[in-house]
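For reference, the structures are reproduced in the following blocks.
Presented sequentially are two complexes of chain A, the first with chain B as partner and the second with chain C.
The block that comes next holds the complex of A and B.
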């Protein structure tokens, strides 16, 4: 087993365990911390695929940004409500069945289509390709996303604005 | 060169080990530098007696003292979170040094996304910070953690935009390429854009490091010591270590991005020395501000970020893009 394979299994175990912990722990704050761990582990998968750019973006946006905002939300709401909010996960068994079915479906699909030829490795520097794609074929998508974010921002402002 | 045949992984590990230890020593002595500098500014002498004549042994004495102190865990704390927080806080602060080259080809890893890696990893620091604030289960610590999250959301973007100006000027995110692009002209001397970006970088650095005038999250008079109020002994030492390591790392980043990195007169072997000197200049600039200004209010901090720094750095980045598009990249 190469070092890379060992690394993959370690990251995979961490990723699965922390993802499960996100939905199973009753403590909301712990759930966010497990989420941070899961997002960093996802970044590590990108690193194993030799895509350091995606790794850095994953860390910056998700682990650094999204988690921060979620924590902020929890801290603010708990202060407003004045008590600890518990996470309650209902329908655990049904959820597990659905998840297992999805896993079986994807695994079956992947096993049915074995990779006949070894795929060419990823481009050595995908950063340039990603940049060109964002201002080229996906320029409209990118701008639409920006509009969506501005709309969300305006909506948040509307709700946060006090009575005048 | 050498008769020892080790796998490349082992060499990388040894290299990382050496860099880490040199840095930890450096971090310890940076605290002494700050104390002496602050003392000078206030017409004091500063540490003196431990290691006469100028307190050369003070950092070592401090470390020994902190190691021997009692480790207190508050009974109402969230034990696991409380105990893990200093480590989660420290790891990103040490990881940022992974992409910092100290001379051409002297560093742990000169990634082609070096600057982005630095920014991404240092954004993880906040996780450890609010783990400490929440895990302590102390209202001051929690308030401090909330203020920290607030401030870091606000100042992350201006910091990134300011750091991206040299990236756009050099046309690369690789630290060594950015330094090479400054052969003709350091980016801090680039007409108008360079100076503005450098000032924005310094202000955002002050805020990202939670230094006075942006240190509302550890405001002594209202929050005691902020999110670390419950920490003692070695855990407190780890948090302090992380803060100074982050400060040192950001100083190195500033020296590489704006002050020409290891470029300087004399033979190439002097490179690490020049880099260290420039990083210390930035560190002392930040320290100078810290010991000269008063703390500002939370709404003023947010206003500076969202109403001034954010639009300014964004416009600066656009202007840099325009300049590069018309004149071409590079420091000339």
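The block that comes next holds the complex of A and C.
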């Protein structure tokens, strides 16, 4: 049992437990907090895969940004109705059957796929290479992403603005 | 030693849990949280493939997915708030204005 093995199983259990809590807890606010835990656990997975830069991005953008936005939205909508939002579920059995079928399909595919690639040796710090690739072969995509972010910002402002 | 398939199975499990959430939640915000989980599982897959194949592209794509997801959440929640103002509900079942 190496440290990496122990770390993987601990992180996997935390990730699966918090993911289940996100979809099962009746309190919407708690679901968002569990989502934050799941996102941090995903960041820990990136860390296990030796990608500290992606871990930082995951913490800043996902666990920081997304969770803050969702909490804001819940606060706003609860203030609008003036009551706590209860989060109910429906068709639990059907949903579980579909989700299990999808998982079985993916797992069956994984069993057949030739995945015997052993892990290569310790990766060099990919941060420099990522930066070079972003302004090199992926420069156009990066610019398109900037346009998308501005569009999303304007769109969100347009939808969420008050009546004038 | 943890192999590639362990990461892929973990991602598949998280993806299925997210799908379960999308299918069973009544609340529009809850559905969005399920979508977040599914996108997160995709990111695990991308990073795992990139690490095990020694290919940088998966990492770049992960950065792109993360940014696009943030934009998607911002617009999605703005739509939820706008719907809330008009309909006073975020229950997906009762948002059936376009049903013929």
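Here is the rule we use: the second predicted complex is superposed on the first by the 151 of 164 C-alpha atoms of A that agree within 3 Å, B and C clash if a C-alpha of one lies under 4 Å from a C-alpha of the other, contacts with A are read in each partner's own complex, and residues count from 1 in each chain.
One rule holds in what follows: a contact is a pair of C-beta atoms (placed from the backbone, for glycine too) under 8 Å apart; a residue touches a chain by one contact, two chains touch by 3 or more.
None of these values were measured; they are calculated from a predicted model.
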Q.
Under the superposition described at the top, does placing chain B and chain C together on chain A give a clash or a fit?
A. fit
Q: May I ask you to decide whether A:126 touches chain B, chain C, both, or neither, giving the answer as first, second, both or neither?
A: second
(Q) Contacts for A:3 in the overlay, against chain B (first) and chain C (second): which applies, first, second, both or neither? (A) first
Q) Between chain B (first) and chain C (second), which, if any, makes contact with A:59: first, second, both or neither? A) first
Q | Touching partner for A:29 - first (chain B), second (chain C), both, neither | A | first
Q. Between chain B (first) and chain C (second), which, if any, makes contact with A:40: first, second, both or neither?
A. first
Q: Would you mind checking which one, chain B or chain C, touches more residues on chain A?
A: C
Q) Can A:69 be said to touch chain B (first), chain C (second), both, or neither? A) both
Q. Once the shared chain is lined up, is A:159 touching chain B (first), chain C (second), both, or neither of them?
A. second
Q: Enter the shortest inter-chain Cα distance between chain B and chain C once the structures share a common frame, rounded to whole Å.
A: 13
Q: Touching chain B in one complex and chain C in the other: list those residues of chain A.
A: 57-58, 65, 69, 72, 76
**Q.** For the chain C and chain A complex, residues of the former touching the latter
**A.** 1-10, 12-21, 23-27, 29-30, 32-34, 36-37, 40, 43-44, 47-48, 50-54, 56-57, 59-60, 62-64, 66-75, 77-82, 84-85, 88, 90, 93
Q: Would you tell me which residues of chain A are touching chain C in their complex?
A: 2, 4-5, 8, 12, 15-16, 19-20, 22-23, 28, 31-32, 35, 38-39, 42, 45-46, 48-51, 54, 57-58, 61-62, 65-66, 69-70, 72-74, 76-77, 80-81, 85, 87-92, 94-96, 98-100, 102-103, 106-107, 110, 115, 117-120, 123, 126, 129-130, 133-134, 138, 141, 145, 148-149, 151-153, 155-160
Q | Complex contact set, residues of chain B against chain A | A | 9, 78, 81, 111-113, 116-117, 119-121, 123-124, 126-127, 130-131, 134, 142, 145-146, 149-150, 152-153, 156, 173
(Q) Which residues of chain A touch chain B once you look at their complex with the stated criterion? (A) 3, 29-30, 33, 36, 40, 52-53, 55-60, 63-65, 67-69, 71-72, 75-76, 125, 127
